[in-house]
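I have placed the structure first, in the form of C-alpha cells, so that the comments after it can refer back to it.
Labels A, B, C, D, E and F are assigned to the chains in the order they are written; within every chain, residues are numbered from 1.
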Amino acid sequence: MWLWFSKLGSPKWFYELSGRWLPWLIAAMTIFITVGVIWGLLYLPPDYQQGYTSRILIVHVAVAGTSLAFFPLMAVAGVITMVWRMKLADMVAKMAAPIGAWFSFLTLATGSIWGSISWGTWWEWTDARLVTMLFQLFLLLGVISLRSALEDQDKAAKACALLSIVGLINVVVIKYSVEWWNVLHQVASPVSLSADSPNGPQFWIAIAIMIVAMYLFLSVSLILATRNEILQRERRSQWVQDLVRQS
Amino acid sequence: MLEAIQFSSFSEFIHMGGYGFKIWSVYGLFAIFIAANLLLPMRKRKQILREQKRRLTINDEISRNI
Amino acid sequence: MTIEQSTIKQTTMAAAFIATLKRDLLISFKKKNDVVNPFMFFVIVVSLFPIGISPDSDRLSEIAAGVIWISVLLASMLSMDNLYRSDYEDGSLEQLLLSPHPLFFMVLAKNLSHWLVSGLPVVLISPLLAYMLNLPQAAYFTLICSLLIGTPIMSLVGSIAVALTVGLGSRGLILAVITLPMSVPVLIFGTLSVQASLNNTSPAGYLALMLAMLAVAVSLAPLASATALRISVN
Amino acid sequence: MSSAISESLRDEPNSQAMLSAQNLFCERDERVLFSELNFALDKGQVLQVQGSNGSGKTTLMRILCGLNDSYEGSIYWHGEKIERQTESFFASLLYIGHRAGVSKVLTPIENLRWSCSLKQQIDDEQILSALAEVGLRGFEESPCYTLSAGQQQRVSLARLLASPAQLWVLDEPFTTLDRTGVALLEKMLQTQAASGGAVLVTTHHKLDIPALNILSLG
Amino acid sequence: MTIEQSTIKQTTMAAAFIATLKRDLLISFKKKNDVVNPFMFFVIVVSLFPIGISPDSDRLSEIAAGVIWISVLLASMLSMDNLYRSDYEDGSLEQLLLSPHPLFFMVLAKNLSHWLVSGLPVVLISPLLAYMLNLPQAAYFTLICSLLIGTPIMSLVGSIAVALTVGLGSRGLILAVITLPMSVPVLIFGTLSVQASLNNTSPAGYLALMLAMLAVAVSLAPLASATALRISVN
Amino acid sequence: MSSAISESLRDEPNSQAMLSAQNLFCERDERVLFSELNFALDKGQVLQVQGSNGSGKTTLMRILCGLNDSYEGSIYWHGEKIERQTESFFASLLYIGHRAGVSKVLTPIENLRWSCSLKQQIDDEQILSALAEVGLRGFEESPCYTLSAGQQQRVSLARLLASPAQLWVLDEPFTTLDRTGVALLEKMLQTQAASGGAVLVTTHHKLDIPALNILSLG
C-alpha cells in the first residue's frame, strides 16, 4: 500500500504513465464526443412536448453530472495532501478547481438556456439544484481565490486542501438544506426538474454517451493541466531538464 | 443511417423548430468549453517548455563560461 | 505519579483557556469598537432596508425576518476579521501556537470571546429591530432562539475562514467569499423557523436541527481552525 | 550556498544534548538555504546563529520551534524527535520572533499576564518585578502603542525573566535596544546558561558573552 | 523662469499621479483578490436575499432594486478597507505624505484606482443580477446609470472614513459605521431613480442630482481624505 | 527628563544651516520628552541622534519631517520656517522610518519605481543598479514578502542611492542589517555628506564615520 502510494506520489511516474495513456484517452474522448454530438444534433428525435430542445438537455445533464465530481475529487486530494503530503495530489487539486468552475459555469449556462425554453425564465430560485450549483460555483471560486491569494505554494496547498474538505461537507449540507427549504416553501414553482422529461431510449442512450464523454474529457483536461504543473514544479529535477532539452 | 436523421433540410437543421439560436448557442458554449480546456493547457505546455529551454541554455552558457 | 501529572496539566489547560478568554475580552473591551461596531453595523444595515426597499409597513413585515437574518449574517462575518488578525500581526498568534495546551481549546476560547462580544449583543437588540420592521409579535421568541443558536455557528464556521486568510494582505472580502456560502444552511433554517412560527406551526424541528448543527460545529470547527492557523503561520 | 557545520557531533543524535538537529535541509524559492546542517545545543550553552541577510536564520529558528515544517531532516529534543513530544517541548520552550508578541492595545502587565500564563502559573508581583528589571517601571499601565520601539521590545524581554523555560529561542532580540538594554539582555542570556538552560539566538551584533558557541549560515 | 519651474512641477505632478495610479492597479492586479472579491461579494450577498426572504419571483421583483443598491453599497464599503491600510502598515503612506505634490491628487489617484478595480466590475455585472432578481426590464438602463454615478461617490466618501480610521486596530466595522450613514443619500436617490423608471416617469432629475453630488464629492472628498490621512499618521 | 543641547548655536536660526530647530518642546502622555532643544544641521554633516529607549528620537525625527505636529518651537529649512515651504522641503527630503515603506506584494523594482517617482523622474536602469549596489542582485523580481527582514530593509536603502535628495532623515536604518550592510550604509552616509548633502540618523550603534555630530536626548 505504502509503496504504491509513494510510487503514485512521484510526479515522474505519473507523468510517464499519463503520457502513455493520454493518446488512448484522447482518442476515446474524441470518439465519444463526436458520436454524442452528432447523435444529439442529427439523430435525436424531437421530444413530443418540447421539440428539438432535448438536444440541449443531453449536454446539460452530462455536464451537470460531471461537475458534481469535483468537490469529492478535491476533498480526497486534500486529505491525501494533508495526511501523506503528496505533492501530486495537490497538483491535481489545484488544476481541478478551475476546470470544476468551468463545468459548473457551463451547467448553469446550459441549464438557464434550457430553462428559458421550458420554464420561460432563465433563472428560478425555487429549484434546489440550481441554487446548490450556484453556491458550488461560489465555493470553487473561493478555493481558486484562496489559492491565488496565498503565494507560498506549500501553504496554499494545505490551506486549499482544508478548504476543499470543509467545502465538500458544505456542498452536501447546502444541497440538502436547499432541497428541504424548497419543499417546505411551497411557492408556486413552475416545475421541478424531473416533471416532464423527454423520454425514450434514444434520449437515454445519447445522454449515457455524453456522460461517458464528459468524464473522459474531465480526465483528459485534468491530466493535461497536471502535466503542465508537474513540468513547472519539477523543473529543476534531472528528468524534466532532460525532457526539456529533448523537446 | 441517413434516414434516421431528423432533419429534411439544412435550414431546418439550423432552425431547430424555432429554438435554433438557443440550441446552437448551447453547442457553441460547449465547443468553446471543450476547446478552451484542451487548447489552453496545450499552449501553456509549449510556453513552459520554451521558457524552461531558454533558462537551461542560459544556465549552460553561464556554466560554460565559468 | 502519572495521574498527578495529568491533573496538573488539566488545571493549567483550564487556566490557559480562561486566560485566553479573559485577554480577548479585555482587548475587545479596550478597543470598544469591537463591541459597539457589530451592533451598530447591524442596526444600520437593517435600517437601510426601509430606505432602499420600501417604508411601507406591510411590505416590511413580509421581509422582516429575512432582512434581520441577512444583516446578522453580514455583521457577524464582518466582525470576524479581527479574530486572529491583530494577534498575527503582533506575533501573539505564534505564542498561542507554541503553548503546550491543545490548540483546539485555545481556539474555542477565542471563538467564545468573539461571540460574547459581537454575536450576543446583536441577538439582544434584534427584538427592537424586529419591531421596527414590523415583524408580527408571534415570531419574536423564535427569532431570538434561532439567532441565539445560529450566531455561534456562524462564529465557529467563520473562524475557519479567517484562520485560513489571516496572513493575507487583502482583508475582509476573501473571508466573505468563503464564509457566506457556508452560512447558507444556517440562514435557511433560521428563516424557516421564523416562518414556521408565523404560520403557527411549531419551529421546534428547525431549532433542533440548528442545535445539531451547532453541536457539530463546536466539535469540528475549532479543529479545522486550529489546523488552518498552523498552516497560515507556517 | 554551502553550510557551515558546528563543532559538535555529526552522526548520531546526542542523547545528552538538549536540542539537536541532524541533516537539516531547507529550500525556499528554489534556493537551498542550508543542507546537511547538524548541530547540538546543550545545557549551559548559548548558541549564536550568524549569517548575512537572507541566509536563513529566521527560517531555521522557526523550523526548530515547529512553526515551519517545510524542511527535511530530524530535530531531537533530549534525544527524542520533537514531533513525538510537542507538548513537553512547547512547555519548556520560549520563542521570541521578529514580531514580539506584544498586543498594542494592552498594557505591559496585561500582555505578560496572558503570555506567561500560557505556560505556567504566575502572579502579578513576579510580572511587576520583571517589568521593573527591564526598565519599564512607570510604564506598567500605559498601553503598548504609546511605548517606543525599544520599550515594546523590552516588554517581550520581560517574559524571559518571568519564565522558567529551559530553552530560549530568540530571533534578533537586540534590535531597537539601547546600550543598557543590550547589556541587560546579554546578562540575562548568561544567567540562563549558567542556571542550566540553553539559548539559541540570532543577531548581527558581536555578543559579549564568554564561551559563546557560534553557528554560521550562508 | 517662474513659468518654467511651474511647468516642470506640473508635469511631475502628473507623473506622480500616474505612478501612484499604476502602482495601486499593479498591487490590485497582483493580489487578484482585490479585483475578484468585491465582485464575488456582491454576487453572493445578492443571492442571499432570495434565500433569506423569498424565492418567489413577484416578491423578488419588488425588492430587486433596493437589494442591488444595498449590496453594492456593502460591497463597495467592504472593499474600501484595503485602500490605505496596507500602505499605512508598510510605511508607504508616510512616503506619500512626504511627496512634494499636492496630496489631493495622490488621494484622487488612489480613489480612482480603487473604483476601477472594485466599483466598475460590480456595475458591469449588475444587469445579470437584476435579471436573477426579476427586476422589470424597463429599469435596467437607469439602474446601470445610477450605479455608474453612485459607486464613485461611495468610493470617494468611503475614502474619508478609511483615512480617518487607518491607524486603528479594529477594522471594517468602524468604517462601516461611519460610511454607511454618509451613503444614505446616494442610496435614496439611486433607488428613487430606478423606481421612477419603473413607474414610467423620467429618472433624469434624480440622476442629475446624483451627478451634482458626484461633482461635489470629486472636488471636496479627496481634500477631506488628505487631511484625515495627515491626522491619522500623526 | 532634561535635554542636551548640541554644540551649535542657540539663539538665531542660522541662515546658512540647511535644517535648524529652535526651542523645540515636546511632551507626550504628560512626560516632557525634550524642551528647549536647539540644533543646526549643515551641508556636509552627519548628525546622529542618540538616546536611550523612549527618549524621543523617533518623535523628534517625525516632528522634523512634518509628520507630527504636536510640538512647540520652530524649525527652519535654509533659514525659513518649514510650514511656509513644505513643497520645496519635501522635494529635497528623504525619510525612512521604522516602517520601511516597502510594499510586500510588489517586487523591489516595482517598489522603487513608485517611491522614487514621487520625487523625481527615474528609469529602470538606475533602479537596477541601486538594487545591485545594496546586494539584492537576483532578488529584483521576487515579491518582497519572500525577502528576509534585512533584505527588505535593503530595498528601502536602495532609495537612498537612487535619490538626489539633499537631506536624509533615517530612523534606525541599521536594524536587521548584517555587517556588510552596516558598512555599506555607513559609506553611503559619508558619500552623501561629502557630496554636499546632510544626514540625520538615529541608531544605537556606534557609527564609524569621521566628523560625526552627535545630539543626545534624554
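Everything that follows uses one rule, which is that a residue touches a chain if its C-beta (ideal position, glycine included) is under 8 Å from a C-beta of that chain, and two chains touch if they have at least 3 such contacts.
This structure is a prediction, so every number in the text was calculated from the model and none was measured.
The chains touching chain A as well as chain B do not exist; no chain touches both.
Relative to chain E, the chain whose mean Cα position lies farthest away is D.
Counting the residue numbers used at the interface between chain C and chain E, over half appear in both copies, so the two copies meet with largely the same residues. Averaged C-alpha coordinates put the centre of chain C at 28 Å from the centre of chain E. Centre-to-centre, using mean CA coordinates, chain B is 56 Å away from chain D. Put simply, the C-alpha centre of chain A and that of chain E have 36 angstrom between them.
Multi-chain contact residues, meaning those touching two or more other chains, do not occur anywhere in chain B.
Shown for chain A are the residues in touch with two or more other chains, namely 135, 138, 141-142, 145, 149, 154, 178, 181.
Counting only residues that touch two or more partner chains, chain E has 31, 33, 37, 40, 44, 51, 54, 86, 89, 169. Here chain A touches chain C in the complex through residues 82, 135, 138-139, 141-142, 145-146, 149-150, 152, 154-155, 158-159, 162-163, 166, 170, 173-174, 177-178, 180-181, 184, going by the rule given at the top.
Taken together, the chain C residues at the contact with chain E in this complex read 31, 33-34, 36-38, 40-41, 44-45, 48-49, 51-54, 59, 62-63, 66-67, 69-70, 73-74, 78-79, 81-82, 85-86, 89, 168-174, 176-177, 180-181, 184, 187-188, 191.
Those residues of chain F whose C-beta lies close enough to touch chain D in the complex are 28-29, 51-58, 98, 135, 139, 142, 146-151, 153-154, 172, 175-182, 204.
On chain C, the positions that touch chain A within their shared complex are 160, 164-165, 167-168, 170, 174, 177-178, 180-182, 184-185, 188-189, 192, 224, 227-228, 231-232, 234. Remark: chain F residues 65-70, 87-88, 90-91, 93, 95, 97-106, 110, 113-115, 117-121, 143 touch chain E in the complex.
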